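Okay, so here's the structure we're looking at.
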Amino acid sequence: MTSEALTVPVIRADGRTPDQLRPISITRGWSNQAEGSALIEFGNTRVLCTASLTQGVPRWLKGEGRGWVTAEYAMLPRATNTRSDRESVKGKVGGRTHEISRLIGRSLRSIIDTKALGEITIVLDCDVLQADGGTRTAAITGAYVALADAIRYARENKMLARNAQPLTDTIAAVSVGIIDGVPMLDLPYVEDVRAETDMNVVVTGSGKFVEVQGTAEGAPFDRDELNKLLDLALMGTEQLAAIQRETLAEAP
Amino acid sequence: MTSEALTVPVIRADGRTPDQLRPISITRGWSNQAEGSALIEFGNTRVLCTASLTQGVPRWLKGEGRGWVTAEYAMLPRATNTRSDRESVKGKVGGRTHEISRLIGRSLRSIIDTKALGEITIVLDCDVLQADGGTRTAAITGAYVALADAIRYARENKMLARNAQPLTDTIAAVSVGIIDGVPMLDLPYVEDVRAETDMNVVVTGSGKFVEVQGTAEGAPFDRDELNKLLDLALMGTEQLAAIQRETLAEAP
Amino acid sequence: MTSEALTVPVIRADGRTPDQLRPISITRGWSNQAEGSALIEFGNTRVLCTASLTQGVPRWLKGEGRGWVTAEYAMLPRATNTRSDRESVKGKVGGRTHEISRLIGRSLRSIIDTKALGEITIVLDCDVLQADGGTRTAAITGAYVALADAIRYARENKMLARNAQPLTDTIAAVSVGIIDGVPMLDLPYVEDVRAETDMNVVVTGSGKFVEVQGTAEGAPFDRDELNKLLDLALMGTEQLAAIQRETLAEAP
Amino acid sequence: MTSEALTVPVIRADGRTPDQLRPISITRGWSNQAEGSALIEFGNTRVLCTASLTQGVPRWLKGEGRGWVTAEYAMLPRATNTRSDRESVKGKVGGRTHEISRLIGRSLRSIIDTKALGEITIVLDCDVLQADGGTRTAAITGAYVALADAIRYARENKMLARNAQPLTDTIAAVSVGIIDGVPMLDLPYVEDVRAETDMNVVVTGSGKFVEVQGTAEGAPFDRDELNKLLDLALMGTEQLAAIQRETLAEAP
Amino acid sequence: MTSEALTVPVIRADGRTPDQLRPISITRGWSNQAEGSALIEFGNTRVLCTASLTQGVPRWLKGEGRGWVTAEYAMLPRATNTRSDRESVKGKVGGRTHEISRLIGRSLRSIIDTKALGEITIVLDCDVLQADGGTRTAAITGAYVALADAIRYARENKMLARNAQPLTDTIAAVSVGIIDGVPMLDLPYVEDVRAETDMNVVVTGSGKFVEVQGTAEGAPFDRDELNKLLDLALMGTEQLAAIQRETLAEAP
Amino acid sequence: MTSEALTVPVIRADGRTPDQLRPISITRGWSNQAEGSALIEFGNTRVLCTASLTQGVPRWLKGEGRGWVTAEYAMLPRATNTRSDRESVKGKVGGRTHEISRLIGRSLRSIIDTKALGEITIVLDCDVLQADGGTRTAAITGAYVALADAIRYARENKMLARNAQPLTDTIAAVSVGIIDGVPMLDLPYVEDVRAETDMNVVVTGSGKFVEVQGTAEGAPFDRDELNKLLDLALMGTEQLAAIQRETLAEAP
């Protein structure tokens, strides 16, 4: 992808080139309870996304004729290599959990026309069953599939106005980072902890940015590095968008 | 099973006879992170059980040369037909969750020789991914498989004394109940809500009781009904014990 | 009671035979604030039970014309031999407290015809002032007296429909257990901690089971032991029911 | 007591004169678990006070050779005319509870020589079983008796240095207030809610002030009113001190 | 002030005589967001007081045609010499914070005619930016200025009935204490920690008491000491009232 | 700044051009308690930043010879136009607070050489006294000044190794956004709520990125818009870095 990378091809621990996604799998309709659901896998990262649809909206939105989409992210205690205490047992939701839940909610709302949705609430639950880096980007990508199916459900059950098109685009996300000076796409945990810069990028199906969150974990990064990371992210999200389209093209 | 049942065969909504278990499936080693794990299914009920093993014991047990086994049960918010708020968001663990976690912990400890285990702690996390009745009994039955594999892991990694046999028996659990006067085995949600009496029975592989928890949801029950329910439960747990044995007989 | 017990009579530390209750005392109307109240003593165990009656029902029950009975159990910090931290100070209700509160609530609801009660809520508070084993069974037995008086209060204050009979039966509870192989009735703390099997049984005045909760604390128990424990429990609850009747027979 | 009061004798709803205490009763040793205990009654107000004694002190006091005395106050949910939610269920201790717990702790510490006590902690739990005004003053007065017995226990069990005299005085408390312009002693609930000024006064056996907490509930009060209230409070606490002495004079 | 003090003039560490206030400064309208605000300084103690005014009252007061005034006090984590953990992070409000919030609320309500205020709620937030003793008395004194300006705002914005006079008086507070036997006015932190007796006195502009809270931190105090402290407090609050009047006399 | 902006000069509500910062003011040493402090103002936004320095590090970092820098952000309840409930009263820290605290901590750590710092902990408290947009960027910019002074304090008090240079660079932050299609620098609240895209950028004194957080609040943004926003942010942070240098150049 970069000229350096081309002359001395970098091969990652899992055999990928720097610009390659991990194997992506989306099991649509994994749950028989939710109006929409998907078990998404980015390599060993597995996130169960469900979309719960209810009539009505939160109190602060009542009477405006608009819908609401929100998200909650969480991790099972042993999703990770060592067990973490449950947030329910600790009695509070941690900062990281809050931050990611808010990111997912904002991302999915960015492609929703709440007027077209009408007074419906959709809660997207993204529970990480197994974590190996990129859980928030997998969650966003999977939540889109669950959301799309919940909206299909609403349409089939006459909960949507005829011809209403609440989805204005598709949405997917991927992580990128710089490891040993090389920009790389879709970092698993072992790469994530070593990355000098770590960036999560949320992109619409039409290729525009919804979120760009870059953080220097080690040395600060310059404009050139930022640009290379954005190039990689756009390439990755384009592939994810294609997988989402294929998944949703089949009969549910 | 009962003479009445034989003369007028009762067929349940899902096609089973009163004394039949739902299809049982145990996917051993579902998680690549935990020392032991199992995804167990009792019909549509799906519980992910992981066993997390660490050196050392809680402070109150230090220096006694004994190990500790404990359990935490939880449900994903959309495991059920309507979404429940997360306990982490509510900031407290509910009574039902507490009660079931304690039941699972006691049940699994009943077949552990903590002296033989040595100063090791095993936490059993039972997370209900999809709920359709019998989640606590599925959790106990699946947690046994995860526990057995965690102990195998300890043995392979020299964390157990040579020849130590911390498992004294196997353990499985099943629900039974009386619906329209008929004692039935392994109730799915639709039966559970209609049951006059509901009982959860935890039984060792050698056929002895570890827990008997019977509750009259409607009319109180008499000695005869209690006995019929216990008969069914012993039959069901015997079958579950056989499935556990087969599962664990294969190479992990 | 058992053939062994008869040949070699077992005398317990407090001088009782295995099938004897501790001295039972019920002080009806201990509180001048509550609509019904009782200070109940099972030996040194002392539980203050109050019944608080209010018009109306919780939101989820509104408009169904049915009443609601619920219970909360708690222990004073120095009810026990060593002081425990207050749950209010810890900021959360513990699992044991939750579990017992739920058991008391279910037990008392089992003898209530909520239709006959009408849209009335009764909260049963069972506060353990001094603990010496059997606090949950004393609480259920005492709560019945408080409940009966609260219903009498409702009748006298025209809050009940004429001829309404919301109480369908009486209810009492006792603990039983196996100590050194001998089944025993109504365990004080010193016996409770040594019991191999511990069982709490809730029985109606007409001798039917509402709850059977047996737990193997040490070795699992077999069908024969279970039966002997149930025999003892039925004998004990019959005596408790008689004491309840006598207590309530007097003018309040 | 005041010249006005003498010319037009005021008789209170419960038959007392303005300068009269309610009937006071102290049941010493009510609990068989605590090292010291007292059930104290100021009329219908009933507070169970226990003193829990342990070796050692909180971390921040370690190594200074001094002891620690602290207090916790709470009310049973139905101590009052209408039921209050439990603070454990609400998940937090309310401001009033905090404030009274701190007052009791400070009051009892004022008569303790912590050096003479040595590295011992005494927790005073004051649980209001029935409330009819003056619960904090009853709690302080009863907690003194429990504390004195806990110290006697420490002495009998060789936990105190020989000749150590950790109690430097006795302590008692009473409420006073102005109702319809008349200063009155020891207000029950019906007077308390009508008082223009409400004052709680904590006084040592030697007649010195430890706490004076006067609050204008209605109109502000002037210097003359303040003085009349202090006169009444000193008279009341002198009588309470005498009752404490009598109670403790008997063999425990 | 006392005859002893006059013969041997005591000079305090900061150069004041025992009966002198610290330099007092009130910056009215410090905030451009609140309806009323004041940054008040008692020496190095700095408290930001804001008054937030909203239409309507809490549910329990609805329909009575009366207003509500309440207060919340808090300290920034590094207001003090060593950093304290945030109460938001600890997840609960401490006893001291609760107690002071309640004191401020009661004090300010004592000079409010809630009928004249009408159905308006005013929340007084008193945040200690820098603490050097006397934070609660500075908070009360500053909150009065913020409250007066919020009421002026209500009048200018036609939220008050014409001619309504909700403020019945002014209010100020000061601390007094006995240090080395000498009664002193307005204690900074270094004196506060050494005081044998510590008293906070809240006084109306017309010189009447609203709160008298005296606590023996060391030896109990007698009637004579109490009187000397009250003399000092009345002198101090008279001066504070004059400063409040001057501050509010200027155009806002 | 952009060719469009140059041809049709946009003047903002507060009179600024799109590429202009608000008036910036830094009052160094505002607190006499903290080791470092600054009251920073970006227009009407006012944030009090204190740096609290203590010997030692959190438990998880002990023995590594490295220091720790962390941050906590909070807002006074009436910092904003309408009052918010206190997080301490709600009993939990909200997602936005968590997220910003984490951002500030990461940003400041990016210019710290924790090895050079040694086993010292610095907590940066950023409390928003008045909010008018850009509070997180003001907090980062002010926290740098407080941090620099705390390190100067450590050096003067021999808490740092001789020649240790724990600060590797300076750090500042600014918000940028697109309003009505025009990229703008340093948004006050009125612009912030209207922005289609909102970005916070944290930049070192040497002009490299530490954090880039761009969010599409309305329409997604393209690469060109992103680049224009980054240009503005680099210009703004360069000016802030100059103000920081001037502030710190003076004697403290």
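So that you can tell them apart, the chains are marked A, B, C, D, E and F in the order they are listed, and the count of residues begins at 1 in each.
Just so it is clear, a contact is a pair of C-beta atoms (placed from the backbone, for glycine too) under 8 Å apart; a residue touches a chain by one contact, two chains touch by 3 or more.
For reference, the UniProt names are A, B, C, D, E, F = Ribonuclease PH.
Bear in mind that the values here come from a model prediction, so they are computed numbers and not experimental data.
Q: Using direct touches as single steps, what is the fewest number of steps from subunit C over to subunit E?
A: 2
Q: Take the average of all CA coordinates in subunit B, do the same for subunit E, and state the distance between these two points in whole angstrom.
A: Computed from C-alpha means, the inter-chain centre distance equals 60 Å.
Q: Please tell me the distance, in whole Å, between the geometric centres of subunit B and subunit C computed from their C-alpha atoms.
A: Inter-chain centre distance comes to 28 Å.
Q: With chain centres defined as C-alpha means, what is the inter-centre distance between subunit D and subunit F in Å?
A: Centre separation, subunit D to subunit F: 52 Å.
Q: Pull out every residue in subunit A that's touching 2 or more other chains.
A: Within subunit A, the residues that touch at least two other chains are 91-93.
Q: Could you tell me which shape the graph of touching chains takes: line, ring, star, complete or other?
A: Graph shape here is a ring: one loop, exactly two partners per chain.
Q: State the interface residues of subunit C toward subunit B in the complex, per the touch definition above.
A: Touching subunit B from subunit C are residues 92-96, 98-99, 101-102, 106, 110, 169, 199, 204, 206, 208-216, 219-223, 226, 230.
Q: Along subunit F, where are the residues that touch subunit E in the complex?
A: Result: residues 31-34, 37, 44, 48, 50, 52, 54, 72, 74, 76-83, 86-93, 97, 123, 125, 127, 129-131 of subunit F touch subunit E.
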